[in-house]
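The same subunit A turns up in both complexes below, where it pairs with subunit B and then with subunit C.
Up next is the complex of A and B:
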């Protein structure tokens, strides 16, 4: 991490996280590809994909922490940006299927043939190009955040009201994407992906590749967020969180700061969604469901907001818990999640990171 | 015809075309050729029928130190809100210098024109250090991108050091502002005003909660600021007002009741009635 030495100088949590992520990135390919399947040390591709999925959730949590932890904007609709990024990636993967679909149509995806559509809707144009799809992964969530944020922040909608309208936003998108006429596969969504950039999505090597891409995206996003929160802009944003009016009287255009931070956060969420889709192999309107966005706020709260690495830790821990519980005791999970949220809010307002810090401070004295 | 007039008032060209106007930059040559730096004329503000300001007329001269006193509910804070853009008056005009119509501008724009404000309740950024508080207040390009790229220059560091010295918080420079005592927070907020380097300072109850010694130092500081800056102080502490004021304005029920030096005002029968007759 000597590339960005000054960025992490005062960020012990960040250095630990980077170190761990680096180690994992070396070990996972070795255990998956180099260790024979018969060995007890072999890591299954299922596990690799699971870890990769966690990393995209961590990136999503990071994007929420940036606006919630540092600027006090509690978005309960961030899942929408994640899903939009996912759909953009899904559209590209659909078009990569080509003639290998069930109906064997050279251009139209299966669901369009099924709906008796004659030709590709205009908004599917360009998605056969990888670069175009990647551009849309960032542009679509970014533009939505720009328009939505411009309207909301300019009207000085804050606090609970903002949370509610973000929730409404993701709910509205979910209903829209459920409709077949929208042209995004209705309630089945987009699936049956074959390959990405010519690599078979089912092969171990591709899975490792996407896992590493997720790790790199998370690292770069972390450094970018760290750069922002350590800059003077970061201090202005914290000032907005703690005393919005005061910041205005100092001559800062508070709306602009909120808006650009929100847009950047939405773009990060979109990238997370785009990395998520090829790993799970499907994207459907369920990703827009309000409960997803709420869950993701819980990850951040559990980890500890306003630290960046806390959000990552929270996302990894809660999702590991979810994987474990939904397999072992599926009926318990939602109760456990609710309980976790109540306990954290009541006893650990600064999350797990806050607890560790307090322990560290006590040990030091 | 009334509707048409309303339409015209709402669609005034300089207001509706504001977005198209060029970006306003801080103007060091504020036009104060006629004397006053601030003109408040026929200002009326009502909240649900209650007139917080009632046809208020007030002029502040360039470089003047003016004290504004008045009983609770006289409209002192509302007046500050109008000047800084927080509250829009129902009627009246507010001009900064000869040419700047403050009613056209929003809070950050007004701050950029050179009007700084200290709140009644000390409002500092508690989670950030004293040094960071001063840095945030500093006169600089406050748009998003330049702020993201901003690094403190040597000159700016010196300026922060200077202000830390004036407000006596050099030793606390790296501690969180939330840990300061009440008086120290008041001082920090005055320091933030100094960092903004405004032409006009609006200071709401600067000595509330201060010890006698701190009050004295505040008086000295405000006195030393007048001349280069125009200062408007709202205060309840009569002793303090007496120690700094050259001209005192008494507000009552949203308009000016009396104006003059401290002795004149104190012997004014209307003022005595308002203050003692209740």
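Up next is the complex of A and C:
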């Protein structure tokens, strides 16, 4: 039996990443659940959740790498798709609270009771069903990407124009979600979740379950992305990145390729958001803020774009750095992040992966 | 003989009068002081007489004394019976002489005795003060007095206004007095007078006129007029209509002004971006932070010259231009020039710089917003009519934005640097071939654009909060302006900024501030569909670059 699917035959980085992820997925549950808390080898549930959060960020970075690294579309609004997926999941979790809310209303979430709303807005219907919520997790970001991408790519909005327009999109959504009238909890967002599919969200077992679900989602998404970039479509997409006009003259419908890749990427981002929310226990409009979307682009840039595994490595590294710095020296973090932006674009255009590759090539000669 | 005698008489009279002149002034002072002292009498009837006598002295200070009496600030000192005006401090009173205004330090509450008044006296006082103010030399004081009287019109007030009307020469004050008389006449028992009063009030923008007329124009449930006279009600309705249409016009003017004011802010924020983006094709995401640096420069300049706040802005404008411009050149030389041809990377790198600049301000100055004060000439507002007032700070910033625009236009069209900038923005390779040092032009352009961002920061510090995050909110807006107006076209930036500002303000009443902003963003996203190169696209080969 093969250890890795044939998709990864030419993907050494991918195989390393898969192997590591597999090992982590075996070790984490053991260290968290089987090793007693008194042992120094015990892994706290906080750490498990943190790792799970990183994995969702890695999935998000993967979705950005797919369009930026392979198609040259720099989206500064991917956080919006992530947040929309998160909101869809949050709405499901809100409906699961039921009568356990502060006001004990059987249907309405607390914030609606607080705002004196009489009944559930129509767009909240169906979210009590898990399958419906999961459908929406993919459908809402996908549809938004479809409409937005159709409008943008059709009129050939490219380069920095597209970047800023996507940033305006997420900015507009942030302003909209801050409004109480929108019916998504306004400033406070959605929080105070109790359980998912009947499992208590606070229990160790559930946390491990969501961690594993994130790992599986990341693995499947990685394989799907690898499949796409290795397919014929992937080659056309790379051609679009390198010479858009030439590809168009060769008779390819450039807009179609860009559009479907963009939609797929948005769906991945939505799934990442849906996995993120139950782990951190809150979703609020701050997730839409433009700085989040730009930050995730730098994860990809640090790791090395156009490699898929580079994006994952970058997301894990930068977020580990963020966790460390914001706890140890909060004032330094923004300096560090800012410098990271400058140094990576200036000296490491291919990211850490590119650096390692160059070292490897030098060693081989 | 005769002329000689006449001259001698005049001379003699003059010589006789000469020494008495200062003495006469002293005597007047003494009279006034005595008139003030007369207020100390016990009986209210005597006080009324004393008030009238005081008013008749014609002394400028009498208004102040009477107003003090009205609000209960007129006392006499128990020790020496001196009349004083007192301002309450924490526990004690700060007192000054009522007759001369000479400060007398602070004193305990117990050492003073208040001059009491009753309701009848209060009414008399109000009338007297109004009469004195109506006769004041300064038209602004007379105007304020008329307005004050309009709040509380009775027969006495109406008589006073009529008397003042006969003397009044100032057109604006006459207009106000006429409205006041008409308002008073609305209560007249004579229908003809009421009708004339209604006609006089047609088109008046005073809120009182509108309130009174809408009371008269009200209909009962069966459609008949509620007022006693049908013709007066009809006229009132007509007058009200004309007032409403005039008010609507004023509201429109106000909205347009607010829109232009927002547009001027957008213009200031966007114009620097327009030239850097237009010439170099790179988006400087740190542009907002350069605006912030300009605002902080204003703050520091004000800290450095706390005694000359009124002039601080004139120092701050060149200072901010230099600070932001130097930062801009440093950014260009340190980072951007290595990234030409890679606009997306430039965008990310400059975003990193914006984070660094924000944190720099946070750690060196303060994470909180800082207080930038407005010079006195920037505060206050210009009242065009009772329904429309324009605040000076917005007006000056609008003018300032247009001046900056004109200056930049002049630089680009009239100087050799401008010529080179335009050449590089149209065709870099060709410009280089003609011997233009395009690297130098890039650095200068970036410095110029950044300097203008700093100047914009000075203006913005007068309108909004100054804090480390203030720049972030402008980058999307300014980019929208540039995209909407068309790249590398300053006129496009002007039109784009003004139309976006006005559109925003017109949408606000219907949609609320946040939704208006969202609608404008959505509109621009759709607009780019139709005109991807903005309102005023560059034509010809340059457009294909």
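Just so it is clear, the second predicted complex is superposed on the first by the 361 of 365 C-alpha atoms of A that agree within 3 Å, B and C clash if a C-alpha of one lies under 4 Å from a C-alpha of the other, contacts with A are read in each partner's own complex, and residues count from 1 in each chain.
Rule of thumb we're sticking to: a contact is a pair of C-beta atoms (placed from the backbone, for glycine too) under 8 Å apart; a residue touches a chain by one contact, two chains touch by 3 or more.
Just so you know, these numbers come straight off a predicted model, no measurement behind them.
A.B. asks: Aligned on subunit A, subunit B and subunit C: do they clash or fit?
C.D. replies: In the superposition, subunit B and subunit C stay clear of each other.
A.B. asks: Per the contact definition in the header, classify A:23: touching subunit B only (first), subunit C only (second), both, or neither.
C.D. replies: Neither partner.
A.B. asks: In the overlaid three-chain picture, which partner chain does A:147 touch, first (subunit B) or second (subunit C), both, or neither?
C.D. replies: Neither: A:147 stays clear of subunit B and subunit C.
A.B. asks: Which of the two partners, first being subunit B and second being subunit C, lies in contact with A:297: first, second, both, or neither?
C.D. replies: The second partner, subunit C, only.
A.B. asks: Between subunit B (first) and subunit C (second), which, if any, makes contact with A:228: first, second, both or neither?
C.D. replies: In the superposed model, A:228 contacts subunit B only, not subunit C.
A.B. asks: Looking at A:253, would you say it contacts subunit B, subunit C, both, or neither? Reply first, second, both or neither.
C.D. replies: So A:253 only meets subunit B here.
A.B. asks: Now for A:107: first (subunit B), second (subunit C), both, or neither, which partner does it touch?
C.D. replies: A:107: touches no partner chain.
A.B. asks: Comparing subunit B against subunit C, which has contacts with more of the residues in subunit A?
C.D. replies: C
A.B. asks: With both complexes superposed on chain A, which partner does A:243 reach: first (subunit B), second (subunit C), both or neither?
C.D. replies: The first partner, subunit B, only.
A.B. asks: Considering only touches as defined above, state whether A:135 meets subunit B (first), subunit C (second), both or neither.
C.D. replies: neither
A.B. asks: So if I put the vertex at the Cα centre of subunit A, how wide is the angle out to the Cα centres of subunit B and subunit C? Nearest 10 degrees is fine.
C.D. replies: After superposition on chain A, the angle is 90 degrees.
A.B. asks: Pick out the closest CA atoms of subunit B and subunit C after fitting on chain A and give their distance in Å.
C.D. replies: 5
A.B. asks: Intersection of subunit A residues contacting subunit B with those contacting subunit C?
C.D. replies: Common to the two interfaces on subunit A: nothing.
A.B. asks: Spell out the residues on subunit C that touch subunit A in their complex, using ranges where they run on.
C.D. replies: 281-283, 335, 338-339, 342-349, 351-356, 358-359, 362-363, 472, 476, 479-480, 483, 514-515, 517-518, 521-522, 524-526, 528-530, 532
A.B. asks: Of all residues in subunit B, which touch subunit A in the complex?
C.D. replies: Answer in residue numbers: 84, 86, 107-108, 111-112, 116-117, 119, 123-128, 132, 135-137, 142-144, 147-150, 192, 196.
A.B. asks: Touching subunit B in the complex: which residues of subunit A?
C.D. replies: Touch list, subunit A to subunit B: 228, 231-233, 235-236, 238-239, 242-243, 245-254, 256-257, 260.
A.B. asks: Can you list the subunit A residues touching subunit C in their complex?
C.D. replies: Answer in residue numbers: 74, 148, 151-152, 154-157, 159-161, 163-165, 167-169, 171-172, 175-176, 178-179, 290-291, 294, 297-298, 301, 331, 334-335, 337-342, 344-346, 349.
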